[in-house]
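Mind looking over this structure? Questions follow.
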Amino acid sequence: MCVLDFRIDTLSGQPPYAQLVAQVKQALRLGWLQPGDQLPTAHQVASSVAINPNTVQKAYRELEYEGLVVGKAGQGTFVQRSLSQSTPASLAALSRRLERWLAAARAAGLDDDGIMDVIEATMRNFDQQASA
Amino acid sequence: MSAATEIAIETVRAGHRYGHQLWGLRECTLSLPTGSITAVVGANGAGKTTLLNMLVGLLPASEGQLRVVGEQPSSKPTFLARIGFLAQDCPLYKEFSVADMLHFGRAMNPNWDDDLAHARLASANVPLNRRAGRLSGGQRAQVALALAVAKQPQVLLLDEPLAALDPLARREFLKNLLDSAVASNMTVMLSSHLLGDLARVCDHLVVISDGEVRLAGDLDQLLGEHHWLSGAPEQTSRLPSGVEVLAEYRHERHTRLLIRTSQRLLNPALTTEPVDLEELVLAYLEHSVVPREQAGPPRVTREASRL
Amino acid sequence: MIWTTWRQHRAEAAVWAVILAGLVAAMLAVGSIARSRASALGLPGCTTRDGNCNDALDALHRAFHTIPPFTAALIAIPLLAGMFWTAPLVSREYEAGTHRLAWTQTVSPLRWITVKIVLIFGALAGLALILGLLAAWTLDPLTAAFGGRYNSTWYDTQGIVPVACMLFALALGVAASALIRRTIPAMAVTLIVYAAVRIPIHWIRGNFWPAVTHTYNVDVATLLQRRIGPLQDGYLSTLTPGDWIQTATITDSTGHRYVPNELSFDVFSRYCPSVRPAATAGGDPQPLDPATIAACKPKVAGLTLHETVTYQPAAHFWPIQTVETVIFVALAALLVIVAVLTVARRRPS
C-alpha cells in the first residue's frame, strides 16, 4: 500500500519538485505521513504516475536538507519527524493579533478579496526577503 | 539518478540544410547530461524532427558537430547500438504481427533483451499475434517503444510519440517510458507540442522556432529564473543590471514585464509572479527574443510592447 | 538480416511460387506433347532440311505455330521481377517511413541493402537458370522446326542470357528504387529503361561475334529442276538448319543480282522471257512443268550463279550468348554499385 500519491499541477508556476515538497509537507501536517513511514521510490513514482524521477529525487533531497526525511542507502527514504505546528497557546495569540489587523483592514474599506490580495502579496514579498 | 556530469547529447552550432536554401536547423548548440529527460518543443516544421534525425544519423550535419554518448552520429553498428529511435507516426511493418516485430528486433540487434520486450508488451496489454497494421494508436506506440527500449540503448530519442494518442494512452506510454528510462539510467529526448505531459516528465527543455534554438536548459532552473514583474511604469523602468527583460506589456497604469534573472528582486513596489511552462514556451516562440547561448553572457534583448 | 529479408518478402515469394508452378506445369506439358508429336512424325532422326524431313518439320511447325505463351512469360519474367521485387525494395521503406525504423537498428544500411541484394538476386538468378534449363528441355524437339536456336523464342529463354537479363532487370529496379524513392515511378522507370536497353541489344546481337561469309556456286540448270523455296531452306547452300543467315546475295557472272525468293522467276525473266511461268501466287513454291524447263534449258546451259551468304553458324550460339551476358552483367554490376552507395550514404529524406 502506497503511503502517498504525488500529483503535479503541470501548468502552475511552481516548479514540479517544489510541488512535491509541498505535498509531502501537507501530508506531514495532516498526519497522513508518520515518522518511520517509507516514501515511494523515484522509480515507483515514475512508473505509477509518470513523474520524472529526477524531480522526485530533488524533492527528497530538499526535504532531507530540511530534516524532515532521511535517505538510507539501499533501503529508501523515510520520514524522520512530523511537522509540528505551533503550540495551541501561540496559535491563539496569533489569532488575536490577526483579528485586530482585520478590523483595521475592514475599517479601511477592504472586502474579503481585497484582504486576501494584500495578505498574499505581503506574504510573497516577506518570504522572498526572508530567504534572501 | 547519478550526479555524474557526463554529457550524453552534445551539439555545437549544428545545422542541416535541405536543398540549396532551406535550413531545417541552424546554429544549434546543446548540452544534455546523462540520465536527463529532455523535452523539445516547437511548432510543426520548426526543426524538432530535423534535430532528432540528425542525432540518430538519419540526416547528415551540413555544419557544426553533434555527439551522442561521445560518438558522432553515423551508420556504423557501434553507434547504432547505442541509440534507440521512435520516429514520427511510430513506423512499423504493417504486415508483420507484433511477435514478428519482436523477432525483427531480435534479428537486427545483438544486444536485444527479449524478456524486457515481452514484459513491456504484456504490461501494455498488446496481443502478440495481431498484425501491426491493425493495432490502435496507443498499442502501436507501445510496440514501437518496446522495440526501441529492448535494444538497450544509452540514449533514446522520440519524435512526437504522443501526437496521436488519447490521454489514457499518453499516460500509459509515459509511465512505460519512465519505467524503462529509470531502470537503465537512459538519457531521453522527446519532442512534442503537448506541454502538460512534458512538464511532469522532463527535467530539461529545448525550445525551437524557425530552425533555431531559442531556449535550452534545466527546466527547474529556467522556471526559477523567469518571472512576471508588475508595477508602476516608473518602477519597472528602473531595474538592476543582470535582469534581462524579455517582453514588456504596457497598460494604462501599470506595466508587466517578463524577465529572466538569477538574482533575487527585493523591490517591494514590484509584484513578482512565477512563470509557468506554457507561458515560458510561448514567450520564446512568439516574441522575437534573441536566443541566449547556454554558456556566455546574455545578449541585449529587444522588447515587444502591446497595449 | 536474413530472417528480416525473408519475412518482408514472404508474401511475394508465395505469389511467385504459385505462378511459377503453373508455368512449370505448362512447360512440362508442352514438352511432353512436343516429344510425342515429333516421334509420331518420325522426326528425331532428321537434322537436315531435305526431302522427307522437310514435310515432317513443316507439319511440326504448323502444329506448334502458336507456341503457348509460356515463352512470352519466360521473356517477361526478368522484367516483372525487376518491377515487383526490386523496384519497391527501397522506395517502399521511404513511403511507409519504415526506413527510420530499419536504419536505426544495429545493422548498417550498407549491410541491410547488401544482404537483401545478395539474397534476392541469388534466388531469382537461380530461378532464371532453372527455368532456362527447363525451357531448353521443353523446346528441344521443336528446335529444328523453328530454324534453330537463334530464333528469339529460343535464344531469349535458354542458356545464360535469361540469367543475365534477370540480373540486369533486378539491378535496374533496385537502382531506380534507391534513387527515386517512390515505388510507382521506380517501376515505370524500370520498365522503360529495360525495354530501351533490351530491344536494341536484341537487334544488334548478330554483330556480337564475327560472322562467317561463304560463297557457293550453283548451276542454274539443276536449279530449275527442283522446287524453288525461300533461301532459309538452305536449298542453295549446304548450311545447317541451326545457322542464322543474316544476308544472302545471288549474282551471276554478269554481276546482276537476283532476288533470292523469286530466283526462278528472275532467271526466266532474263533468259527465257517468252516461256516464263506465271508468277507464283503467295510465294509458295510451285513445281515447274517439264515442258517449260526443257524449253529454257539450252539458253541457261553453262550459267552459274554465285551465292554469297553471311551467317552466324550454330556453333556461335554460345559465344554470342556470352557477349550478351557480359553486357547485361556489367550493366547490372554498375547499377548495383549505384544502389548500394545511394543507400549507404543516405541522402536526406
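Letters A, B and C mark the chains as written, and numbering starts fresh at 1 in each.
Throughout what follows, a contact is a pair of C-beta atoms (placed from the backbone, for glycine too) under 8 Å apart; a residue touches a chain by one contact, two chains touch by 3 or more.
All figures in this text were calculated on a predicted structure; none of them were measured in a lab.
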item: From chain C, the most remote chain by mean C-alpha position; value: A
item: Chain occupying the middle, per Cα centroid; value: B
item: Length of the line joining the C-alpha centres of chain B and chain C, rounded to whole Å; value: 62
item: Centroid distance [mean C-alpha coordinates] between chain B and chain A, Å; value: 30
item: Interchain centroid distance [CA atoms averaged], chain A/chain C, Å; value: 89
item: Two or more partner chains touched - positions in chain C; value: none
item: Residues of chain B that touch chain C when the two form their complex; value: 16, 18, 53, 56-60, 75-77, 80-81, 83-85, 87-89, 91-96, 100, 103-105, 107-111, 144, 147, 151
item: Residues of chain B defined as touching chain A within the complex; value: 1, 35-37, 171, 174-179, 181-183, 195-197, 199-203, 219-220, 223-224, 264-266, 268, 271-278
item: Touching residues on chain A, where the partner in the complex is chain B; value: 8, 10-17, 42-43, 46-55, 57-58, 121, 124-125, 128-129, 131-132
item: Chain C to chain B touching residues, read off their complex; value: 1-4, 7-8, 11, 96-101, 103-111, 344, 346, 348-349
